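Look for chain A in each of the two complexes below; its partner is chain B in the first and chain C in the second.
Let's look at the complex of A and B:
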């Protein structure tokens, strides 16, 4: 044991230790802070959107341009600056090396470069609120509108570039880390499910991000350099962009979904002291299966975009087939609770509520997989509610479960006080009050992205209920974030392994881990798995 | 290769036989949509309730009795593991193909307008719609004879819009440089059509009324339109 592997008893705050850090744990914490900051700002936008929708006609703004900017920022920031960096940036950075017994990632300096690219992107995104003619192209940026608008589409493009670059570097880094830096003797079938889901997410990022980068770069060229990729009048094609965009952005759903699923497996296994049910079916059928099909389903985002009929029918079948790998994952998740021995804490509460969020979000995706049904439902609040349940709420709740689960590892303290429990119930009630009414008005024909809905005054009461729900979430999230900050400083001390988990990050390193992570080299006993609770 | 051709010919035959009933009265996307929607709602509700009930049962039933207890989840044999993967996968796939077949059926209705359908050209602008009838008359609201199928051939003069009539369960994007179509069977009375592809500042402010009139009222309306358009046409010709 050398001085380098001492525990992280710091002697006071030194900003240089954070700005110039190459330690994967500190970078993870920086990702968490950055993504939560994006979450707070984008969440405030959501609240403004909901308040505006609470009455027919102008409520808090009579300027649709203002409202469109909120929509743009909410969508782009929640997906690109909160969910993806929160799940792959924070959770993977901090815990993946610990789970595989590595002292750090393969390329720590590239990792440090990634985090500062991410922060640059956040600053660029925040400039939305101060520049004249802020971007108003939604997070999708469809041309010709994004090209002809007076809004500054360039800010959208450069934000995507920076985040994409950051993610590609992260993907290379983490894939190489898992391939080459696992503890001696750790085989692929002994990895935590979270490690597998993260590997899958990064593999997807690496393959598909360049396509998005190309698409938005072509936007930039069309708007500022006079090219005509998407200009039908000059021989371009308006649909090219949508195809390229969704070729990345559908897989991006799994970049968010998979690590969220991975966190849930860790929480269920540790809190239920149980092995993963049918691990190999989950990993090779479920997680790898999603990776295989994910690039063949993007047309379901273009079901009403005038694509050839045979393509829409073909991708209806592939889209429905996604239910096979997702079904295997769900089955393993349910099975992991079978005959478990569950200890409840806040992490487990969030994880348990995810079981219902994934059902709601996943099953409402089935009608949307059918081209003929989507003809009526696309671009309505039904879609809006569906993807919030499966992507936003499910993944955010899974991330919060992970934050509570790993809080003692990061801070040496627990965060399970009454404020946390209050926050959980407020959030759970809030999301259901917000999004159930949107399902209902969606089926009745309420379009998305409407500043006003004077032609559908009958929907007003539903919007009002949804707005009340958003306010409940705001209260819940304020309590949650306050609780994290207070607990990090003053929470009750947790032992090394408060949940009595068998996973490597709990059994082999102190809380919080010092530089180099492990006081001793990790030696795994024969037949070790992170889930062998029945072994003494 | 010939096998594939035979197969494709078979598919085409199925579609063609589908269009044979295309001219019948009941051939109508909107009630078809409602019917399929109800079936799918039952399908997903059953799955959701089963999985949800099992989850609730396990979350209460398998609480730790004492803090040192560990879970007793089954360790699967190879045969069990494979069965637990293949059988559920087969069940999910069966449901997928069942729904695909149903969805394809309705899709064929949506995409094959009856041959006697009346055509109206729809042109989208930021931020209004223009409807041009076969006789050249252009209007700003869509008036159609009730009961008769109507096909809209749609195109945009600027950005992408989407023409949506919630009541008739139809929607398709309206783009520059391409012509898309929807068809529906209007009823007597008014329906709202509105834009559902984000198109900028007044995206929410381009609703238009779709009016279904009896054939006699429609004919009278059309004569009126032609009368009011004629002096304009004469003036512009001179």
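Let's look at the complex of A and C:
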């Protein structure tokens, strides 16, 4: 095979090269830009929500429907347009082919189609702010409200369809890529943990997305075509939608969690110069274990919805059981850091803070898994705070760790300046100031999603503290995003492998890599692993 | 193939594709699985009830 050149020098910006690109790295960058745009708008919605909640009674809006629109966009955009595309779109697209020694993904044109489906969904979601009858169905779209509301539920449904179709095409593409396009001699036990977690996330997407797509399609039929899938009065079953929705949406938590975990392993191994502790237990017990159990835990979202006890108890057991594979993964993370020579740069700071976030989120999940306790906590701010720690904050911080870790690979420059450190500390302090008070008011009965809480005026100080926390996060994120933009343009040059990593994306291709990725065909020495650091 | 220091590949890069029928068969099978789940579920739910 001809040695292909691999530098990213171009003669200026050409938009056609981006619109028509089939290069996995450019597609990854497009995912990053799109998902960060969704993050910014959804973050502004979060700020509006928190400001509205800072006083009893109307604060910045006296229209509950307006508040519902903010909630809708915040939830739907953060999960479907930021976390999932950021982790499985950006990180997988850019780095998975580099990690396995491939020149691109298996089906580059389908990959290009996927990114434009994603952008179509982003545009559709943003039209929420333009159309007169904005969707107001949260990210869940529960009937009967979503069927009877005057809000435009069709926008919600079509956004889910577009993102789902994009994810399914991505899943097929990446599974084939890992199966068929690994460098010669690269066995399954030599894959980066990030590759394993991404494969697992895509496998979950492939199995469960069709269920969500079917559920929202039936919702669409009920609202606009007069069917009665979820209309109990006409022989339908309103709870069926909730079951179908969570049959996808709990596994979706792991679609976000797993690639986030994969990023953390890459950062821990490279910054600690250690092998992955208990690699096989982590991969086959932890990652594959989650894939096996993830479809058996959705009922814990519906404990108070009404169902037979045998089902509730059974799913309580499976919900608790999934903490075993998660525990194996967390154990491997800590083991990887054991006696490591850790470099504490910004990537490592974000990654280390994830250990705290996953611990807090995991521990607060245990009472929610227990049927007797959940009755008191269900639909309160306790749940709201829990899932922000375990899913939203953990995964977002892991993604930020990944961005700082791979920044030199993408741009040839580092982003570890004082602004980055300031952003990290502001974000860390901000998320704790925001969500700890919500645990407290949640335990005392503060309902989730309410526009106002005049029946609980005693909670006002807690909400005010949380609002201050949200503003600290806004400052931290502004500093973080500004730092990325400034560093990409004029950050200090990083060199080819600034972290002295052993992973292929650092050792075998330049920073930034050009078309074809690798200047020479990748030849792996016998016994090679991406974590080939000297044993301590 | 249009790849060099100064240009970005716009061609779809056919020589990057895996060779043989295997990848296409697996990809096709996975897509058929997903589409069958989607339509099968709607069909099944439409036949629920007394």
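FYI, the second predicted complex is superposed on the first by the 529 of 536 C-alpha atoms of A that agree within 3 Å, B and C clash if a C-alpha of one lies under 4 Å from a C-alpha of the other, contacts with A are read in each partner's own complex, and residues count from 1 in each chain.
The rule we apply is simple: contacts are C-beta pairs under 8 Å (C-beta built on N, C-alpha and C of every residue); 3 or more make two chains touch, one makes a residue touch a chain.
In this text, all values refer to a predicted model and were calculated from it rather than measured experimentally.
In the superposed model, A:180 lies in contact with chain C only, and not with chain B.
Looking at the shared chain after the overlay, A:103 reaches chain C, while chain B stays out of its contact range. In the superposition on chain A, A:520 contacts neither chain B nor chain C. Within the superposed three-chain model, A:138 lies in touch with chain B and out of touch with chain C [touch as defined at top]. By the touch criterion stated above, A:229 is placed in contact with chain C alone, chain B being left untouched. In the superposed model, B is the one of chain B and chain C that contacts more residues of chain A. Of the two partner chains placed by the overlay, only chain B lies in contact with A:330; chain C stays clear of it. Once both structures are placed on chain A, chain A residues 236-237 are touched by chain B and, in the other complex, by chain C.
Put simply, chain A touches chain B in their complex at residues 64-65, 68, 136, 138, 140, 142-145, 148-149, 232-233, 236-239, 272-275, 277-278, 280-281, 285, 304-306, 309, 312-313, 316-317, 320-321, 323-324, 327-328, 330-331, 334-344, 352, 355-356, 359-360, 363-364, 366-367, 369-373, 375-376, 378-380, 443-445, 447-456, 533-534. Residues of chain C that touch chain A in their complex: 3-13, 16-18, 22-23, 26-27, 30-31, 33-35, 37-39, 41-42, 45-46, 48-50.
Those residues of chain A that touch chain C in the complex are listed here as 4-5, 7, 9-11, 14, 16-17, 20-23, 26, 103-104, 106-109, 168, 171-173, 175-176, 179-181, 206-207, 209-211, 213-215, 217-218, 227, 229, 235-237, 240, 244, 514-516. Residues of chain B touching chain A in their complex: 29, 32-33, 36-37, 40-41, 43-44, 47-48, 51-52, 54-55, 58-59, 62-65, 67, 69-76, 81, 84-85, 88-89, 92-93, 95-97, 99-100, 102-107, 109-111, 158-160, 162, 164, 166-167, 169-173, 175-178, 180, 192, 194-205, 207.
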